[in-house]
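Both of the next two complexes hold chain A, though its partner changes from chain B to chain C.
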Partner chain A sequence: MAERRFSFFTPGQYAVLALLAATPFIDLAFPSIQLSGPMRTVVVYAILALGLNVVVGWTGLLNLGIAAFMAIGAYAFGILTAEIYPFQVGFWWALLLSGAIGAFAGWLLGAPTLRLRGDYLAIVTLGFGEIVQDGLKNLQTITKGTEGINPLPKPTIPFGAHIDAALSKVGVGSAATTDSAGTTATTALSATESVAGALPRWFDISSETPARWFYLYLILLAVVICLCRNLEFSRLGRQWFAVREDELAARCMAIEPDKAKLKAFAAGAALAAVAGALFASHLASTGEPANYDFQVSILALCIVIVGGIGSITGVVLGAIVMVGLSNVVLPALTQAMQRAGIGSTENVLSSPDNYKYLIFGLALVLMMRFRPDGIVHTRKAVKK
Partner chain B sequence: MTETEVFLQQVIYGLSNGMIIALVALGYTMVYGIVELINFAHGDVFTLGGFLALTLVGALGAAAILDPNTLGDSSHWLLLVGLVVTAGIFCGFLNVAIDKVVYKPLRRAPKLTQLVAAIGVSFILVNIALFWGGAPMEVFGGGNAAAASKDFPEILEGSNLLGEDSNVVLRLEDLAIFAITIPLMIGLTLFVNRTRLGRGMRATAQNPVAARLMGINTDRVISATFLIGGFLGGAASVMWAIYNNTISFQMGFRAGMDAFTAAVLGGIGSLPGAMIGGVLIGLIRAMSDQYIETRWTNVVVFAVLILILVFRPSGLLGLKQREKV
Partner chain C sequence: MRFGGLTAVKDVSVEVKPGSITAVIGPNGAGKTTLFNAITGVYEPTEGRVLVAGRDPQREFSSRVTMGIVVTALATAIFLAVLVRVEVLWQAAIIDNYVFQQPFPWMKAVAAFFTTFFGGGFFGTWLPLLIGALLGGAGRLVIWSRTRRTPDVIASAGVARTFQNIRLFPELSLVENVVVGMDRRLHTGFIGALFALPSALRERTKARMDAMALLDFVGLADRAETAAANLPYGHQRRLEIARALASKPAVILLDEPAAGMNPTETVDLMRLIRAIRDAGTTVVLIEHHMRVVMGISDRIHVLQYGEKIAEGTPEEIRNDPRCIEAYLGKEELG
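And then the complex of A and B:
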């Protein structure tokens, strides 16, 4: 495979990004649905699954504890930004640092364990996930136990306030906005106020503007996709494929499998930690440690496997399908049925929410049986 | 209570729980020995055994069983053995069915494909247990509490066998666990070492291709392995239920992880290894509950698991083996 130059997206990746970008318009058309909030979760899980994809899809290592790295990212973000701690760095620095801390955690777990056989490694990562979850629950002085660290800041757009102020001067943006430090930036009390005040504040993310918050997350997802895409066929990416297909042959080509695996582990953990930080910011709290349990790791695995192991487009599609199903469609269906009076809480079978495990399980079993390469089948799998 | 008494009490708890863990661990280790698959769903088969036992207790009338006048009656021993056998047979055949439907078509697939499929089966079984817990029966506490833990009635008399004034408590349940698990383990050892099918199992574990060339029906051997592993898991689930007096739809995950840790500790693929590993894990749990803190016990078990896998992947009794290329 020839060395490729930098490129942004494939047509398929443009398509899924456009599909995601269209969801706030559903909110506009049907104000009762409000998809932008839940769709942020889809984006968070897409980033998490892209991280897992580096490990499982490209390097062929089964990681059953990816949620642990998500938790590490979320709690790192919480500790770096919450008011009760002395750091209180801004959103963007906290996001970057969370990713770095995640990568370090991945390196720490990977260094002693990556020489293990595939299935043993999977169990070790599972155990690590449980240890992190229990540890977070038990270290109450630092993590606030099941309460979670809160409140956490919403993302801010760099220079957003200044852009808004500039826009308001020319009569496009709002009259007043606040910047990240919370100080009032501009008050343009003039004749244009009545007009400008009615116009939206384009670069301020507050609870009234869920669509903008969603778009910010979507841009971050686009950055991650672009990163992954250019990593995929880089020197390192090709080393990962070589290790996945045949470790012995890779070694003969002067690739050091242990180092390549460790880099994959750290890269996957970093992306998972970024996803965790975004998740915590989205909830305005780290939530309880059970938010990052084994079920989350399996959901991420389902996304990667259903979407198509190794395919970036497939993974993002998988996130839309699986998270859309478990976090949007099923709760909505449950609510709708309760409102309509169909089914009762007395009957466990009549609540669609109760079918989550079954859907995850069936997805894994059926995909393994009939389409082990996923829905979007990009590369020819090498038969062993 | 003196220090020694506290220690002795934990030894009793540890041994009893350890024997149960050992029974489940045997299911993991046997299947791994024959088809090199971590049967992730084994813990959830165990859960369903517990639910079947509670259903049977409910059908027979929990109130009659709980009647203090009949507690300690010999009919309760009969009931206990009946539950162990029924749950065992149910879990055994469930295990065989899972193997036939899910694992068998994937026998030649990469190991990780099989493991992911096993995790999928595990999630399906968890959901079935959740639905089962919502069954409209009095013992399940009504339909709206499907996800809640269920109380399992006390089948054996609860008094202290060492005398009421003794600080160390040894209950009839502890004895029952030994009386049921030890014969099962002896029976299994004899079966594997003395019978024709057992010899077939050992041969298949060593080299499946050579075993088939020698005229061993390896498919039958694999089915038998899943059947016996499932039976032991089902029996263990009843012992677990009467010992802890509670079951829940997610209990198989923790119990399964404990048992898998035990199997790895003893050396996966080795039957005596699983038995020793199970008892050791039971003791480690009990000591950690007492001398560290209960909330850290799961962390201790997983730490043991990771340390063994990293530093001695072949376990205590396992053979050193190189990964087949």
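And then the complex of A and C:
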């Protein structure tokens, strides 16, 4: 670890954030494809994988049930915001509380089980993932079973109306767009509108068009990256690395591995829960419990491994590559092919969407063969 | 110290004067490293104690432990009792009271929650509470009793060590390795770490400066940012010593510090160990290099087959017939 330079992000992190930030511009250039909506899932999975990275990459504990914490976050968010329940605390409080509930759940699972070694812990987390999923399915009174809790409100931008008003005063502001119900819309500046085309609408922060919604998620991702980086370079991060590298030696340095691991577990679970909350908000529903099954945990693990275990930049890049492929590129390709009449719905082999896991498997095999440390290396040591 | 039926170290008592260098020697398999492991808590000694400045470093059964047990027992009890009837409670507290888009009667809901919670009868309320309390309390008690004398407790009491087969953190840089050793003197908590609060950053900068000073002391400052795994063997031993010193221990246990070193490195090492002693740290070492042992020790203890066969100054040990026998066998010296 080099001495921390006092900046929010490393150059690599700036690069991946900039890469993501470019998405809405693609929408602007090619209005027919509309990536901002599906790209939100990339951000969600990036946060999920960053949470997993704390546990797997930094502390060296294999967690195969991270999706359970995502589910807990999603359902906590659902219960706290849905109109069918009395809480309705709004997007931001619900997001914070989901994170806290996720951390608590992680702590609850970790406290009795983190003394298990290696494979046994993996089995416990695997089982926990299944238990949570089944529990959510069967606690019908609370979770509405397979229906999921819906509808959930879209995120609101704090002080959005005020920002709008301020912007309209300086002339950048915008017309009240059709989807900005409930905001104190400003007067239409038709001149600006016609001159710059769609651009002014962009600055109408308070209305949740796909671009703004995406940027909101991206800002949250940036905050998560910044906090992760703080942890990485802190005393706690050092304790995690020490436990990962040699638990006995760490113990002999007066570090209590159990406590360090518990903190890692709770931090990872909190991030996963935040990802779950954002996922629920993205779908406007918690969806059914099967949305948070074992495959999600494995996908998160693949993201961490392909991107570069232990590297924040790598993990975000991994999310862009893996989730971008499965949730954005392949569905778009499938749609395009169907529109062109190449693919048919009857023939499963003709739809690129169905090759997702084949490509994942291939990617993993190739990565393991040619670049076992992931796209972005963190290891300085020479491999023995 | 026994492993099953095998007695590895028996009735060995080593007294170490503060500010001295004490060596423990003996043929391979005599139990020297086992002795170190028993002292530092890697093994739980089957009999005997370790006293540091007259105190036995252990997690006491203090009021904090009692509190912990009570709180855990209560928390698990409530958690379990809520968990087994979570749907009933939810129905009574939330669903029965909430009318769509009407203000929610919070007090009524809380009252309904408690009535339902305690209205579960023996199997609904009291049995889960009892089981939860027993599970939580017993679990916490077991964890306490099993971690009474773990290496971190011993290390916190001011006993640092190095390992016979080097155990560095290979992927961390030299300076990070040393800062990890410093951990018991640092105070940054989770919040400070998460938000990189000024106090945490100050502490970090200070820790790194101290670590650089220590690296300088063992002569590795010029490679501070390389990964520990990339160091040559002899340097790794010195780094391990620096890491052990970083906690400012009262006693430092060195397990074969000169193993695998060439003669010049050995001479440097002897100088280093003397410097550690002169800085006020008590040194106990296991060593096979007789030149090192005889050259720097104030007192030597000799082990054979897990028992102490001699103790004395280097001069006395050199002339002790049993020690000569232990090392060289019974034949006459030629």
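The rule is simple: the second predicted complex is superposed on the first by the 321 of 384 C-alpha atoms of A that agree within 3 Å, B and C clash if a C-alpha of one lies under 4 Å from a C-alpha of the other, contacts with A are read in each partner's own complex, and residues count from 1 in each chain.
Note that a residue touches a chain if its C-beta (ideal position, glycine included) is under 8 Å from a C-beta of that chain, and two chains touch if they have at least 3 such contacts.
Keep in mind that this is a model prediction, so the values were computed, not measured.
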Superposed partners chain B and chain C on chain A - clash or fit: fit
Partner chain(s) touched by A:A363 [first = chain B, second = chain C, both, neither]: first
First, second, both or neither for A:L248, with chain B first and chain C second: both
Touched partner set for A:V348, first chain B, second chain C, both or neither: first
Partner chain in contact with A:L301 - chain B first, chain C second, else both or neither: first
Touching partner for A:A336 - first (chain B), second (chain C), both, neither: neither
Contacts of A:T113 with chain B and chain C, given as first, second, both or neither: first
First, second, both or neither for A:G237, with chain B first and chain C second: second
Partner chain(s) touched by A:A166 [first = chain B, second = chain C, both, neither]: neither
Minimal inter-chain CA distance - chain C and chain B, angstrom: 11
Contacts on chain A seen with chain B and repeated with chain C across the two complexes: 112, 248, 384
Sites on chain C touched by chain A in the complex: 40, 42, 79, 86-87, 90-91, 94-95, 97-98, 100-101, 104, 109, 139, 143, 147, 150-152, 154-156, 160-161, 163, 167-173, 176, 179-181, 183-184, 186, 188, 190, 192-196, 200, 203-204, 208, 225-230, 243, 247
Residues of chain A touching chain B in the complex: 60, 62, 64, 112-113, 116-120, 122-124, 126-128, 130-131, 134-135, 137-138, 248, 294, 298, 301, 305, 345-349, 354-358, 360-366, 368-369, 372, 384
Of all residues in chain B, those that touch chain A in their complex: 38, 102, 105-106, 109-117, 119-128, 130-131, 133-134, 142-144, 146, 253, 257, 260, 264, 293, 295-296, 298-299, 302-303, 305-306, 309-310, 313, 323, 325
Chain A residues within the chain C interface of the complex: 1-4, 83-86, 108, 112, 115, 139-142, 227, 230-231, 233-239, 241-242, 245-246, 248-258, 263, 379-382, 384
